[in-house]
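After this come two complexes, each holding chain A, first together with chain B and then together with chain C.
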Partner chain A sequence: MASPPSTLRRRWWHRDPGDVGGNPAGRAARRFVSSEHVGGWAFAAPAAVIIVLFGAVPIVWSIVLSFEQASFSPGGKFVGLANYREMVHDPTVRQAIAHTLEYTALFVPLTMIVGMLLAVAMNRKIRFISLYRTAAYVTMAVSTINEALIFLWLFDPSYGIVNYVASLFGLPQQPFLNSPSQALGVIVVMTVWGWTGFAVIIYLAALQGIPQTVLDAAAMDGARPWATFRRITVPMLSPASLFLAVWLTINALQLFDEVYVSTQGGPVGATTVIVYYIYEQGFQYFNIGYASAIALILLIATLVVTAVQFRAGRRYTHYRS
Partner chain B sequence: MTAVPLPQRRPRRFRLRFNPWHLVLAPVSVILVFPFFWMLITSLETQPESLHFPPVLTPHQLRPANYPDAFNAAPFSHFFVNSIVVAVVTVICNLVLCSLAGYAFARMRFFGRTTLFIVLMATLMVPFQVTMIPQFLIEKWLGVHVLASVGINHIGALILPNAATAFGVFFLRQFFKTLPLEYEESARVDGARRLTVLWRIVLPLSLPALATLAALTFLDSWNSFLWPLLVVNSQDGMTLPIGLETFQSAHATQWPLLMAANVMSLVPMLIVFFAAQRYFVRSVAATGLGGA
Partner chain C sequence: MRKFVSPLLAVGLTVLSLTACGTNSTTGSAGGKVTLQMWEGYTGVEQTTFSHLVKEYEAANPNVTISVLPVNNDDTLTKVQTALAGGVPPDIAYLYGSWAPNVAEIPQVVDLSSVVKRPGVNWDDFFVGERDVATVGNKVIGIPALVDNLAVVYNKTLFAAAHLTPPSPDWTWNDFAADAQKLTIASKKQFGTAYVTPESEDAVWHWEVLLWEAGGSLLTAGNKAAAFDSAAGLRTLEMLRTMAVVQHSMYLDPSDNEYANLFNSGKIGMLVTGPWDLSAFPNVHYGVQIMPSFPGSAGGHQTISGPDNWVIFNNGASHVSAAENFLLWLTAPAQVRSFSLATGDLPTRASVAAAAGFDQEMNKELPGVSTFIENLANVKQARPQIPTYPKISTTLANMVVSVLVGSSQPQAALTTAANQVNQILNAANAGG
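Up next is the complex of A and B:
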């Protein structure tokens, strides 16, 4: 049997609409969006290789590692569900999850409230307004380490100025980061400060999208400022609020830097959050199999938050046209 | 005819000569910048005055020598250069690689495009902390078997995993898709190659998006802490956050020295921030509005 003509051997992905004919200009225009396998791959490959190597491969590898007993030296041993069984019975895992949730439950709403109130206050054209705004924005330029060092000093139990201010109100000296019951709260305060600029920017941008006519109409109907804020501003800000809630939650679940610098998970494990425990197991005890199993908790939590975002985004937010 | 009296406003008893919102915003701003202010004061205090309770609000004696002392106590200039090199190279790599890939996904048709795109986007949802252990193993392997300068303890290991990000590819693809096709088509009809079209037509139209991506990447790289903490153990490869943390653990209660080091590491970023504040603000606002 004679081999088929070469045109028939071409696969479907070789199809080039430009081949069909027609006028030359149309053909060129169509060829413009036509198949370019080599070119497309050449353009996409450099970025794709890096993202696959350092993003996709490690996900699969993490899952494989979670079924192994392994350290950084080569040769892991398959142990089935042993890591997961250990995890269920590890009180530190339970504590780490509890601390992470506690931190998230404090940090996310506080940052959003501070951000929204400041943005509403700053959304007006008065003198010095750019100065006021800059005071909030500038917290964005501060790295987590700078931030942690400053607050470590502000909240120093013996010589810190916060304790001094507290003493002016007749409060006794507080141990702050040395106290198991207060340490996480101090970390909440420093991170809320650090994220203020971000939250203010998001809310200010959203506020500028609220049409003045709506506010004017409310004023004509005699709405008081508080009613306008509650009935118009807050609902109109809900897309921004949803975005911030998700973004801040995902970041809160990943809390590490401040803990590492200020408390190293202590005192007596009071600030051991999930990522800190992953770090401890993986890079201090070299139990990378166990650490990978714990890391999957973080992955699942993040995926749940993302899924909630998609659902909530469809149902509860107000959308401008 | 009697003149109808104009309705007269009841004169207010008390009238502020300025907008009352200043009464809210001024104190709030003071609280927000107070941590900076206190850091600066402490960085100029003497050691005994800093360890005094109640705190010394106005130092009796300024000690600017804390700055050279801190600067000489650790190789801060070295950390600084490392941070700059890592941030700048990371930004350049991202702009180049994400533009190429973003353009391919926006405009070109190639076999496996959708699948590849889905794979790349899936990595967006996975936190770095989940994958850091395998990433470490990969870097270690690359350093031993492929190229020493991307291995553990080299700054190449800080650049390579972040040289292209799924976020960057996605962000630029979305932007490129909003550009009108006509310019590119006419250039193609004139026989221009893809790379020429990208370089001459698409990128010049995309400067705002590129600036946004550059600002966000720079901020991320400059402030990155956990990955450098894992990868770099020797002072040669340390960036500023890691160097600062090491300095802190060595000088735990020397607050004036610590705060001086803190100020020095913060000032470069503050300069960049104030110089490009508009861009930073726009970039952050863009990430928010993009999601809404």
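Up next is the complex of A and C:
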């Protein structure tokens, strides 16, 4: 990199040899106070302080805690890497990671596919279209607690509507949340419903950006709707898809609320995902040190996954110049 | 000049907002006056009754002000721990009894063992189940704030419709299971009984009382190893399996909050539950009976109690002594009596429960509650008072629920859970 011009490197604390005016320190201070730099930082300071206080400090503190055998009270015992070693031998951590991956692998693509299909279906001029769009987004406005309670009732094994409808078609009754093999699936359905509205809005916005000329050109070349969708719409939506993939994955790795409200990790540990397990360790077993260690690994894993997604995204994403 | 003022303003605002977070934490004892910070989770009628008691005490003790902070009971320990880390714990907090072993490890918790021996306190007047939970090792970590227990609430209308005689005090689990089967009508989606299946303590303590009644115990003496992988343990799980998996007479509630609505809608015949649920059953004609026993078991009729405690944290001698005096007054027979009568909560003291006419007065407010009061005499054991209990509880929840949902057989579930519990206990012993 070329060396920047010297004026850019000059700072107020650099005594300018040519500056022979009276009281240079006072002048420098005045220049400091009136510089744009300070003004900008002063305006950013309240937000910066809050971020440091409630973001950075807790992260650093939890890193410290992860090397301690600690409860909340001050004075934890330093145990080195013991918490990390315990993690390797903890079968529940392995299960929780498996459940989290299984959940993410189902939740992210399903939400994106359903979101994209709904967005394409709504991207046209028909009557009451804004009503439909609002309706799709309403699921985002429903609080997680309500969402979980609604689905608890829908999927209730004995009294739920889902089993009732299934019985009308002569289908066998399912235990859903009372089944270790089905419970995670119900959580997937619950959260896909909750997040689809978000995907729809992102895709609708991206669809507005596809130039009509490209679509017209394809139509003139005789492309059928399916080919247009596959060859033009999907590739042109790829920046939005990358954003959604990253955003939804981060959220999927942090799944907690729905599990906390509906199954509390059960039945038989079937819905114990990683953040729920961190909660159990930290706030039910009071192993704050161990919980911090798992949380830190999750943070690193999330960063790695996001980095990989961005890297892969750069290769496969089509940005219009 | 403009440029000069705005940054200063921004900095000033920041400082202002930061100091705002820090105020209100100093409550001194200047001039002999003490302000006690008290955290509790009462709502509704409990809250209003408690406020009256606080006002009454403040009027009689002008030197003491009690500043009450409402906190969700589920979160109180977490909040207390955070406050401890910040160096400003409350003077008094309402804490669940199941936390007692963890609470005992907090250095700032005041040991009340000499306080409860003071003349006039009459510590033995508190039910044995409460004293057991308030005592950890040789420390008394709190004074009982609330007590409850489990009994069977049954729908009299459904019993009559099925031509069944209502449960009698000497009934057995065989009677219970047979009644449950007869009360089950699949076409009406009506179940004999219910059990909750989230992975929580709620699924566990309902089973622990069964284990005790069948003559088993959870851990060996001294809490060294699992003891529930026994004939008694097997008997309890097989009975649950019969009802849930074979006869389908047990509604499995994955939410832990629908069973009460269903009972109130006449869809469930019998519930094993506590007095706190009674007010949720206005639509059904219900009766209450003590827990059944296992035929031939020496365990007889028992129940399990989940008492909670008032815990004092050390904020200096004047605060501790003021807090002790207030709690001793709050938990004295007169206050226990008026609080119970106003709220329907069970009395924490035996003398209050035994007083002539008290039962009838309570029943007028909340029908059936007198059976729960009598049932306090059936509290014969307490859950193990060890810091690893929450972890053991998760293991036991998995064991019970795996049998209920039919994913494992009773003996296999017992063996697996016993191994896991032994591992937890060994790890805790090895770690000191």
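One rule holds in what follows: the second predicted complex is superposed on the first by the 278 of 321 C-alpha atoms of A that agree within 3 Å, B and C clash if a C-alpha of one lies under 4 Å from a C-alpha of the other, contacts with A are read in each partner's own complex, and residues count from 1 in each chain.
Throughout what follows, a residue touches a chain if its C-beta (ideal position, glycine included) is under 8 Å from a C-beta of that chain, and two chains touch if they have at least 3 such contacts.
Model, not experiment: these values are computed from the prediction.
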Fit or clash - chain C, chain B, common chain A: clash
Touched partner set for A:Phe43, first chain B, second chain C, both or neither: both
Touch count on chain A, higher of chain B and chain C: B
Contacts of A:Pro267 with chain B and chain C, given as first, second, both or neither: second
Chain B versus chain C as contact partner of A:Met112, first or second or both or neither: neither
First, second, both or neither for A:Pro58, with chain B first and chain C second: first
First, second, both or neither for A:Pro239, with chain B first and chain C second: first
Chain B versus chain C as contact partner of A:Pro175, first or second or both or neither: second
Chain B versus chain C as contact partner of A:Tyr159, first or second or both or neither: both
Which of chain B and chain C A:Gln284 touches, first, second, both or neither: second
Clash with chain B (superposed arrangement) - responsible stretch of chain C out of 60-68, 78-86, 114-122 or 312-320: 78-86
Common ground on chain A, meaning residues reached by chain C in one complex and by chain B in the other: 33-34, 38-39, 41, 43, 46, 72, 149, 153, 156, 158-159, 283
Chain C-touching residues of chain A, taken from the complex the two chains share: 33-34, 38-39, 41-43, 45-46, 49, 69, 71-74, 149, 152-153, 156-159, 175-180, 183, 262-269, 272, 280, 283-286
Chain A to chain B touching residues, read off their complex: 13, 25, 28-29, 31-41, 43-44, 46-48, 50-59, 61-62, 65, 72, 118, 121-122, 124, 126-129, 131-132, 134-146, 149-151, 153-154, 156, 158-161, 163-164, 167, 193, 196, 198, 201-202, 204-206, 239-240, 242-244, 246-247, 250, 253-254, 256-257, 260-261, 275, 278-279, 282-283, 288, 291-292, 295-296, 298-299, 302-303, 306, 317
Residue ranges of chain B touching chain A (in the complex, touch as defined): 18-19, 21-22, 24-26, 28-29, 32-33, 35-36, 38-39, 42, 50-55, 97-98, 100-101, 103-105, 107-111, 113, 116, 119-120, 122-123, 125-138, 140, 160-161, 163-166, 168-169, 184-185, 188-189, 194, 219, 222-223, 225-226, 229-230, 240-241, 244-245, 248, 255, 258-259, 262, 265-266, 269-270, 272-273, 277, 280-281, 284-285, 288-289, 291-292
Touch list for chain C against partner chain A, complex: 3-4, 6-8, 10-11, 13-14, 17-18, 78, 81-82, 84-85, 102, 105-108, 189, 191, 197-200, 203, 251-252, 254-256, 258, 262, 267, 387-388, 390-391, 394, 397-398, 401-402, 404-405, 407, 431
